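Below are two complexes that have subunit A in common, paired first with subunit B and then with subunit C.
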Partner chain A sequence: MTPLLQVEDLSVRFTTHQGVNDAVKGVSFEVGHGEVLGIVGESASGKSVTAMSIPDLLPTPPAEIIGGRILFDERDVRKMSSLERRQLRGREIGVVFQDPMTALNSVRRVGVQLMEGMRYHLDLDRTEAHRRAVDLLEQVGIPSPAERMKAYPHELSGGMRQRVMIASALACSPKLLIADEPTTALDVTVQAQIVDMVRSITADRDMSVIWITHDLSLLSDFADRTLVMYGGRVMEEAPTATLFRHAEHPYTAGLLASIVDTDTRRDQQLVSIPGTPPIHGAALDGCPFSPRCSYGVEKCPSVHPPLERVGDGHKVACWVRPFASKAPNGG
Partner chain B sequence: MVGRAVSRRDYEEPLLRVEDLVKHYPSSGGGRRNSQAVRAVDGVSLQVETAETFALVGESGCGKSTLGRLVVRLEEPTSGTVQFMGSDLTNLGRRQLRPHRRDMQVVFQNPHSSLNPRMTVRQIVEEPLVVHDIDDRIGRVDRLLELVGLPPAVADRHAHEFSGGQRQRIGLARALSTEPTFLLLDEPVSALDVSIQAQILNLLVELRDELSLTYFFISHDLGVVRYLADRVAVMYLGRIVELASVFDLFASPAHPYTEALMSAVPSRDPEAGSQRIILKGELPSAASPPSGCRFRTRCPMARPECATDEPELRLVEGDHLVACHFAEEMMEKHR
Partner chain C sequence: MSDVIESGLPAEQSSPMEAVAFHDGQGPARAAWQRLRRNRSAMLSLGFLAVLAFAAIAAPLLTPFTYDGTDFGAIAQSPSSSHWLGTDALGRDVLTRILYGARISLSLAVVGQIVILLIGVPIGLISAYFGGRFDLFVQRGIDVLYAFPPLLFVIVAMTYLRPTLDDADSGFLGVVASIDDLTGGLTGVLLAMALILWLTVARLVRGQVLSLKEEEFVLAANATGASHLRIMRRHILPNAFAPVIVATTFGIPAAIMMEAGLSFLGLGAQPPTPSWGIMIAEGVAYIRSDPYLLIAPGVALGATLLAFNFLGDGLRDAMDPYVYDSS
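On to the complex of A and B.
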């Protein structure tokens, strides 16, 4: 079966008065039907830009897709007409942002906003759209959904707004849900509620998910596969369990080691990655992580290593692969 | 050089003693008669010993930042007292408070908004010295920068030229400039990238050990708290629900809220997810908290008496304080 989404060699450039920034450079990946793909990265890793280029949600200018192909359900997104793209966004791809207020209109009632997409894309009448909107609010865990239809976004808590946003993304039963750090601004107990809810709804409907986060731990029991990005490039891609056990890229290994959680030992200094992430994307021709990498060789800063298959579904972009010998599935 | 308010050991322990502290804000309803006050901090008592790291954890709206601000008197309490190094800060005027300010400094969460972008790093770090009339400034900025791991060359650049982690180092250098004994750290690493967080946490540990600093550490991140703190207080809706040594708290959380909070933290271990406690419902409003136990509306253990009897924060075992009628049952579960 062809994957639902195929991204091939995607490059995105931002041109501003401050100069040119290659935010995403040569990124390729796939998302299967019903699969949950996690994209993890720090600031300026290109994770959001990559995801937002799929439903054509990048502001152009300053952004421009300068290369690559995006195939959604075997259709080339970049060759679509603007009408086709609008249908793609509303019907086939649902998007959830970190801040729900970027998508919700603060002066319109929640219910009206929920019904709008369904009436446009699914051609439903008022009564039917209203019924489905109430259903949706209930599914995403909003108490007294019929009354909440009349609420304005500011009358809801952050967690509730994010639930409304998820309801609106799911309204037209999309094939793919793109969630860009939807729980980052929320408390951990609310985050747990929301991850739990999204997991069960998307699994029930066999929906594919791209979940973008800076928190690798969040993906451990959620994502089937995880893509690790840094400085606009893919560093490593693997089934999530493999990534946690046998990360091969020095960046992934460093990121895993620097996670401070309740299993971290108190009597030891924390492992940290020296230096700071690049402010812009791929500024180097070579590996963007090379200035902070302790395993680098001479060609690292000048020649970018290809993303090579090293095991079952496991790909790594590193000339050195210092941790490769530890991996039983390597080579 | 102006002297300190109190010489460093002329007071009875503990360093900080907070008693029955309350902060109510008029509700957003403005001057309306019947509008209820938001009870941000509602009767908190705690003590912090010299050179310990005391952590305050809780979720947004629990009152932890307000409590922090009350402790260093960036806010006036509605009632209750704050004693620092033996002096009652609650009744001091601005001028009388100033010498104490030298001893208690603050580092905020957002390194992008807490440093003045028009000032050079030298001006930022030096400013508290000017305010407190501390003369001996030559070389001091360089030494402070070195202390936080920045090269002296950065002194003449502006704060906005630096990344989040470096700005947090600048904020620390500034806070340390007056040689304080006590630092209020309000979510100092939450805005930083994961790979940078560990750098700053290591620095905080180094500084604490080297300078015998007392930290009042506010965080929502239990991993960070477990790594850094000696004792931990858990807050919910303006009240402390549990207070214990970091070992006791993590080994046997005795309040259902603490347990839920711990289980909600994402873990590297995919198995952890299956035991996750998903809390129902939402945080109630701090203007009208539930009767009895404030957590009861979301508590998986709640029983009828929880709606009528508010549980006191009481000693359950050793120095483990818990505000739950069923703390003993909870503890039994962890044995």
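On to the complex of A and C.
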């Protein structure tokens, strides 16, 4: 069975007054039906740009897809008309944004905003859309959903607003849900509730998910597969369990080592990866992680290593692979 | 369908603090109205304007006289019990003329603002939303027109329009001319004013839309597959409305002032239409013998302008509570 989403060799370029910045370079991955793919990476790693290019939500200009193919349900998204793409958004691909404070329109009631997409895509009348919206709010765990339909965004807490956003993304039962750091703006307990809620709803409906985060630990028991991105490239891709046990890329290993959990001792020095992520436009031809990597060899900064298959569904882009077939590393 | 709840996920509780901070189900419009109600000068102004509007509409019922009915037995009388504000040089009741004059000032101002909004809002909205060359083109056009002082532009337009309309008796211009006659020369004024005053609104809306279109909720609306028209109408425009309403409220006294000025110069309403500007112009001649002929319409004009300005101030404070709290 063909995967729901195939992204092949995607490259995205931002052209601004400061110059040209290749935010995403030659990224390829797949998402199967009902599969949960985690994309993890630091700020400016290109993870959001990669995800937002799928439903054509990048701001153009300055952004421009300069190469690659995006096949959604065996249709080439880049070759679609703007009307077809609009029907893709909301109907077949739902998107949840990072900040629920700004992603809802503050002068309109949440119920109206929730019903909008359903009325447009599913051609429902007001009563039917209202009934389904109340159902959705109940599913995402909002108490007294019928009353909440009449609320304005400022009357809801951050967690509740994000639940509304998720309800809105799920409204037309899309095949793919793209969640761009949906829990980053929320506190930790709410974060866990939201992750659990999305996991159970999407599993019930056999919906595919792309979950973007910079918190690797969040993905551990949620994502089927995880994509590690850095400097606009894929560093490592593996089934999540494999990634946690046998990460081969020095960057992934560094991320795993810097996870702080309840086993971390009180007097223990926290681990961090030395250096800072590359600044826009300063990217190298070679491996973007090489300036911060302690295992680098001579060709690392000049030639980018290919993403090579090293195990079952496990791919790594590294010349050195210092952790290959060794015992689990890090904490 | 409620499987999530049954799976034991804790439903989120709204914090008590937030429950205190906001009234349930209160939209931005109602919140603004509640703040406006606490503003005494704005409410007094609103009351005054309501009374004025009522008096203007009910003028034929409130006064036994007509605005152009001359009474040569009662020329240039001082205020008395039968003529509360006296009579002018032709024996016309001044109070009656002021009430009818309010009709002109108010209706011209309101209709004028509607026309201005109908031109300015779509142009500003579309120009900013689509941006690029189209925006550049529209904005340069606006810049050119903006270079004219508005009153001068209207005076020039009226000096051209007035004889053109007076001569026209057929075709499209003929229709406009006959409407102009029916409205006592005011349609011409309206056209000339709308031609120049929409610029401010277009610029204001453009500025709002330029920042609003970058907001994440617009991206989110896009992500639900909303069309451009829908995003503009449902998401951007409602958010841009507060400053537009404030600007319109301030635009009304400006339009009233301009009409009065044009009528004073003889370019606006045509006698015997009782425009306040015409009444002031006629009163100037009698400033020594019968000063109330000048003072009465002057006070009516001044009070109306003041009321609109107070109301505009109040609306600005009420609609944007972050700028300045007047209490």
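Note that the second predicted complex is superposed on the first by the 316 of 331 C-alpha atoms of A that agree within 3 Å, B and C clash if a C-alpha of one lies under 4 Å from a C-alpha of the other, contacts with A are read in each partner's own complex, and residues count from 1 in each chain.
Methods note: a contact is a pair of C-beta atoms (placed from the backbone, for glycine too) under 8 Å apart; a residue touches a chain by one contact, two chains touch by 3 or more.
Quick caveat: nothing in here was measured; it's all calculated off a predicted structure.
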Partner chain in contact with A:Leu216 - subunit B first, subunit C second, else both or neither: first
First (subunit B), second (subunit C), both or neither touched by A:Gly90: second
First (subunit B), second (subunit C), both or neither touched by A:Met160: both
Which of subunit B and subunit C A:Leu255 touches, first, second, both or neither: first
Contacts of A:Ile273 with subunit B and subunit C, given as first, second, both or neither: first
Partner chain(s) touched by A:Arg205 [first = subunit B, second = subunit C, both, neither]: neither
Subunit B versus subunit C as contact partner of A:Asp196, first or second or both or neither: both
On subunit A, the residue positions that both subunit B and subunit C contact, one per complex: 143, 157, 159-160, 190, 193, 196
Residue ranges of subunit A in contact with subunit B within the complex: 42-43, 143, 157-160, 187-193, 196, 214-218, 220-222, 240-241, 244, 254-256, 258-264, 266, 269-274, 276-277, 279, 292
Residues of subunit A defined as touching subunit C within the complex: 55, 57, 86-91, 94-95, 97, 99, 102-109, 116-117, 120-121, 135, 138-143, 150-152, 154-157, 159-160, 163, 165, 168-169, 171, 190, 193, 196-197, 200-201, 204
Contact footprint of subunit A on subunit C as seen in their complex: 1-5, 7, 9-15, 18, 22, 24-28, 215-217, 219-227, 230, 234-235, 238-239
Touching residues on subunit B, where the partner in the complex is subunit A: 59-60, 163, 165-166, 193-199, 201-202, 205, 220-224, 226-227, 246, 250, 260-274, 276, 278-279, 281-283
